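Multiple structures are listed underneath, in structure tokens.
Next, two complexes with subunit A in common: one pairs it with subunit B, the other with subunit C.
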Partner chain A sequence: MLKTNKMVKILFLPIVFFFLFFLIVPLLYMFWQSLKKGNSITIQNYVEALQSVEIREAFLNSFQVSFVAAVITTCLAFALAYAMHFTTMNQHLKKLVHIGVTLPMLLPTITYGFVLLYTFGNQGILTKLLGQPLVTIYGFNGLLIGYVLYTLPVAFILMQNSMQYIDKRFLLVSMLMHDRPSRRFYHTVFRPMIGTIGGAFILTFILSFTDFGIPASVGGGYKVIATELYQAMLGSIVRFEQGAVISVLMLVPAVLGIVMLSVLDRFNFQYKHVSQSALAVHRLRDNTFTVLSLVCVSVIFIIFSTMFIVPFTKGYPYDFSFTLEHVQNVLAEKNLTRVYMNSLIVAFFTAILGVCIAFVSALLNVRTPLKGRSTLDFASMITNTVPGMVLGLSYLFFFNGSSLKGTFFIIIAYTVVHFFTTPYLMAKNSLQKMDPTWEVTGELLKDSWLQTVIRVILPNIRPTIFQMFSYYFLNAMVTVSGVIFLVSTKTMLVSTRIKELQHFAKYTDIFVLSIFILCTNLIVKLGCDYITTNKEKFKEM
Partner chain B sequence: MMKKSTVMMFGTVSSAIVLAACGGAEADTKDQVIIYSNADDEAIEVMQTTLDKKGYEGKYIIQSFGTSELGGKMMAEGKDIEADVVTMASYFIESAQTSKSMFVELSSDLKPLDGGSTYALPILGNVGSIFINTDLLAQKGLPVPQTIKDLTKPEYKDLVSFPNILDSSTGWLLVQAIMSEYGEKEGKQVLADLIKNAGPHIESSGSGPIKKVKTGEVAAGFGLRIQAIDAKNEGLPIDYIDPTEGNFTLTESVAVVDKEGDEALASEIAKVIATEARADLLKQYPVALYEGEQVEEKYVPKYLKKWDTTLTVDLLEKHQTFFKEAQQ
Partner chain C sequence: MLELKNISKSYKNKNVLRDINLTIDSGEIVSLLGPSGCGKTTLLNIVLGLTEQTDGQLFYNGQDISKQSMQDRGFNIVFQDFALFPHLNAYDNIVYGLKNKKQQMSKAEIQEYVDFLELAPHLHKKIHELSGGQKQRVSIARTLVMQPKILLLDEPLSALDGVIKESIKERIKSIARQFKLTTIIVTHDPEEALTLSDKVLIINEGTVSQYGTPHEILKTPKNQFVEDFILKQLHIKRHNIYQLFGESYA
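This part shows the complex of A and B:
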């Protein structure tokens, strides 16, 4: 085994400091704030918060709507993933489903709400087609649809990933044994998937529970915990202690969820060798899932199509003639282009800094015997647990009055920390798969550790690096929850600017900006995918 | 050898950090005046065009807020607020000055009608009224409302929109009208019925209701009178109705935040807003605020009324509590 050298320690130090200053200390400070009342330390704030009817109601509402959304999302995601892996559905349709389901990920959640308003509202496109509103979109219904749209991609990707590792030969065996279909389904698909299903459920629940964008746009009079937190911090009467208390309360379900996830982990098992055997054709099954997939994808496309219709019509809903006027107006407004540039700057530097930190963290954790490297796993677990709003708020408390307040750097640091887990795990996975003897070989050839990293490891991990870059960039473009507490006039981002435009009910501008975000994200994503696949192809040759 | 590669690795990591920090530093440069404003977008547009015409282009940034958001910020942060100039409901500026003394003297030879103050200049006045979408009203077979109380009738269920007093000062105009006409007890009932009728259409922005009435989301709304007049002039099926409970008014003012001597440009800009932009603002918000100003007949509401005591944040909070109680 390799010895820890100086270089490794030098790299480890700044990363530890980064997480200390931008994760641990702010959170502890916020916790401290929630216990302060005047100059004394009490739990009075918690008692008051729990006694407040409004907060209790909001908590319950949040719980209710997130629970229902998580049930629906989990079922839908399972069905769609099943259609992808266990039916002989048309290949092109499978591709379409994949694109359609994951498309909403490229947009800020706050946009979903406005899209829903323009689809299901009194003057919505669907309402126009049907003659009357299908459902009242404000409140519970709107939140539910919004949350499902928001969490479906994540749940779907999770399920899809797991299903890849299910051995399809067992289906054949089960069939030869003349199992009933229900028994076959249970043993060959459902049982191996239980861990993932539970995981997807908990994840979607937490995502819905802590999202701010959707309730901000379609919440109406239906109070949820995220909007209560916003009101306490940025509303008419600012109550910092209450804000701190609410965000600590918001942490509770998240922490419980993570605990449950680790319990569920025991249910995950992997087949040693996954063999791909052809599926038997089953008309009824295939047709049912084809219809289901088509319906799901069409609904998503119909809902989001409003985003492309409204900004290009002259005076929705009175004058439907095509115009580029709105787009030109947005382009002509310096404020909006400035905000767009801000978003690009933040997304780009977040991606660069984030990739560096996630890569080095994973490298130290996986490929060095460094003492204390497991703290990095701990950091990744915390970043996965803490909701964006809570992290953003803790920054607001901790950095208030410092020179970092209102800078781009604080937004970038927030985004890097908040989205750390996934890129870190991506890098870890890739690094673990590499031959563990490279460093030793490198040392025998008189290369320093760093040289080995640069000459051998980096070139081998390049595709993953691009995927990490794209993940960070996309999420930095769309995140709203935490940054609403951190932006200042000069660092306003597109996603937070949408919140401001909402105040003036400037929906066309909102849609135009959303289209900007979508296009930017598409370009970056396709670019990164292209580089990745090209490299892989090259390797195969 | 080792050194070279060390430098390389550190180069990449640190340059990213430095670059990012530079981005932050750049945003800190102190050459632009930051204006926080609660004004509607029409008013902000007027301010922007005037300032640009007067050669201040690129020397300022306007950041909009809801009245309550901005109010909360002023009260919580005082002088530490990011803004150099604030345009805001006058009662809020007064209260903030009393409790935080956060504004500097703003001398001018202007003569406001209400006497004015040494630290703020009024820039526009708002009048509240009811407005309706005549098409939708006819389509639903609803009578034309004459009073705010009319809107509490069950046939207007889910067809009324008004601004929330918790977020918007326009919402306060509505509550003032109801309270002065019906008193505490009956007033609370009227408000409760209205809240029930509006359902999801209680807006955080003062300009929310007119937009909903324009798109036909709802048939009637309460908001600024001038917005309805403008919509009608545009040829939309909109009409405005002065409620017999009264057209109440509010003024908004501009003030300069105390930045320990660094207020020269901010004061200049504030004065340009109060003087040069005033002509266009008067056109948008036809309420005379200074001696010698005149407005056309049609802009003068039928039942112009004023709350009988001075408007303060304390009074607003009292009315907000009243609204919350009606919500229960």
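This part shows the complex of A and C:
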């Protein structure tokens, strides 16, 4: 057994303080605020909020549209993942589907809304082609399409991952046992996927329920809970108590979701071996899924194509001649380039700090006998549960009077905390897979614990570190929901600036900025992927 | 009776199997023996109907089955790692295929298989609660209730520990006798093949090196490969065991 040494404790302390100050205390403080009325402690605020017709309506609307979106997304994601893993669809098409479905992840959700307006709205491409609007995009329809676009990548990646670990040889067993197709599907695909399907549903529901970017752009008169919260805090009449109450109410479905996820976990099982066996060709099945995949990817590309057309045309939708004027205008405007630099700074430092915290937390949790190391799992569970808007709002309450208010640091801290779960689990996963005897070997060879970490563990976890960096960077570039409460005029980010530009109807600028974000994210992602795969190739040699 | 005539298999420009000829009588146990990558698993898959041969024909009781699908052939296989459905318990795995059969099997008949494989105490256990040997027997039961015309076993002993190996060997022999079931086993272990089967097909680099009874192979190895790969290993084993026990135990 390894002894807990001083170094481990020295590393543990700041992390504990970080989560205490930037997660636990602000949330508790906000909860306390929701109970305060004047100088007394009461549940009066909750009673008032629940009696308010507007809040009730917004809550119900949110529930409704998120539920429908989650059903659609889950079905689509399942079908697309099935096409990737259980059909003999063309390999290039499989790659294209993967790229097409996950590409929207590189954009802020607020952009989705404007893209939808330009595609389905009165001046939209589809409207021009069809002669009249296909659907009214403001309100329910727009939210629904936006949420599906927003959550499809996440659900798709979840399903894909899970299907990867299904033992394909059971298809063969099922054939040998003379199963009908429906029974084969149930036992070899559906049953093993039930846990993931439920998980994807809950996750997409919560994401939609708590998203701010999409309703901010296409919500129109359709009230949802996220916009109500924004109105309460940053609207014309500020009602702090009501804001606190709404954000606590927003937590409820999130908490319920997490509880349900742990129940669903019981349906999961693992295959001992995962063997790949050649899939039988089945014309009808393969063709059906090829068509479905093509349709999905085309729809996504068509919707987002406006983003690339509008900024490069003279006077969309009347004059389609090519111009760089709009891009030059944005580049010339110091204000906008500074906002872009701000975003870069925040994303970069978020990624650096985030990777450090997530890696050290995972390291302490997995590879040391440190007492209290399970608190880190607890922290990751909470960050996974608390919606971005709620966390951002709790910072607004807690740091309001402090000197941290309006600094880059608070935005970075928020982003690090909000997106902590995934990188933490990534690091944990890799660390768990590593040989558990390395530290002992290191100690026997007279290395200190820290030396072993630097000389043995770090070089072996490098690909994961780059993936964590890329995850943090990308999300920091696109996040809107929490940071709207935290930015000041000095620390304005691209994603929040888009929200402002909306007021002046400067949609071309919005798209130019969105393209900047997309390109930056693509470069970072491709760079990190390149480093990761190169390292792996090197290992194989 | 199963007959293989001039079976060949090639992938793109690589020959995996060349001109395999083989006759297996009903109720016989035959091992396909050879080093890894020699093509023995490919041959097993061709018999099963999972892989299509590039050339040659297969006959079952005189009928040409070369173009028949895996399902129509009615052979069945027990996989090396058993491939039991992890979400079903032992009993549900055993009766899994019965639900697809027109002719229902009576409870008593199922019980017969269960008793024969001594699985009665384990029927309601989950798959991960079973030992390796128990999983193996569940997997065999699941295959046997389908009443296959030929039973194929892919490395049936490689996932089991030493002690259980010998008892499973006996079990496989008694299954073949009891159900008069033609059994084909893939293995890379000469000792296993020679002690388990009526006949052994030694394959090297895609061709038949020797086909005969264990006795014939030991007495008259046909070529250098059989001597090097098969006999030498057994001699070393014998030598080691003699050293442990002393010559007097021979």
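General remarks:
Here, the second predicted complex is superposed on the first by the 541 of 541 C-alpha atoms of A that agree within 3 Å, B and C clash if a C-alpha of one lies under 4 Å from a C-alpha of the other, contacts with A are read in each partner's own complex, and residues count from 1 in each chain.
Keep in mind that, in the parts below, a contact is a pair of C-beta atoms (placed from the backbone, for glycine too) under 8 Å apart; a residue touches a chain by one contact, two chains touch by 3 or more.
Everything numeric in this text was worked out from a predicted model, so none of it was measured.
When the two complexes are overlaid on their common chain A, residue A:L450 makes contact with subunit B while staying clear of subunit C. In the superposition on chain A, A:H187 makes contact with subunit C only, not with subunit B. In the superposed model, A:H178 lies in contact with subunit C only, and not with subunit B.
After overlaying the two complexes on the shared chain, residue contacts for A:D167 are found with subunit C alone; subunit B is out of touch.
For subunit A, the partner touching the most residues, choosing from subunit B and subunit C, is B. In the superposed model, A:R266 makes contact with neither subunit B nor subunit C. Overlap of the subunit B and subunit C contact sets on subunit A: empty, with no shared residue. Residues 1-2, 5-6, 8-9, 12-13, 16-17, 19-21, 23-28, 32, 34, 36, 40-41, 61-66, 68-69, 71-73, 75-76, 80, 82-83, 166-167, 199-200, 202-205, 207-208, 211-212, 215-218, 317, 320 of subunit B are the ones touching subunit A in the complex.
Looking at the complex, you find that subunit A touches subunit B at residues 7, 10-11, 14, 121-123, 136, 138-139, 220-221, 234-238, 240, 316-317, 335, 345, 349, 352-353, 356, 360, 401, 403-404, 406-410, 412, 448, 450-451, 453-454, 488-492, 500, 503-506. Residues 50, 70-71, 76-77, 79, 81, 83, 85-87, 96-97, 99-101, 142, 146 of subunit C touch subunit A in their complex. Note for the complex: subunit A touches subunit C at residues 167, 169-170, 172-173, 175-180, 183, 187, 191-192, 269-273, 275.
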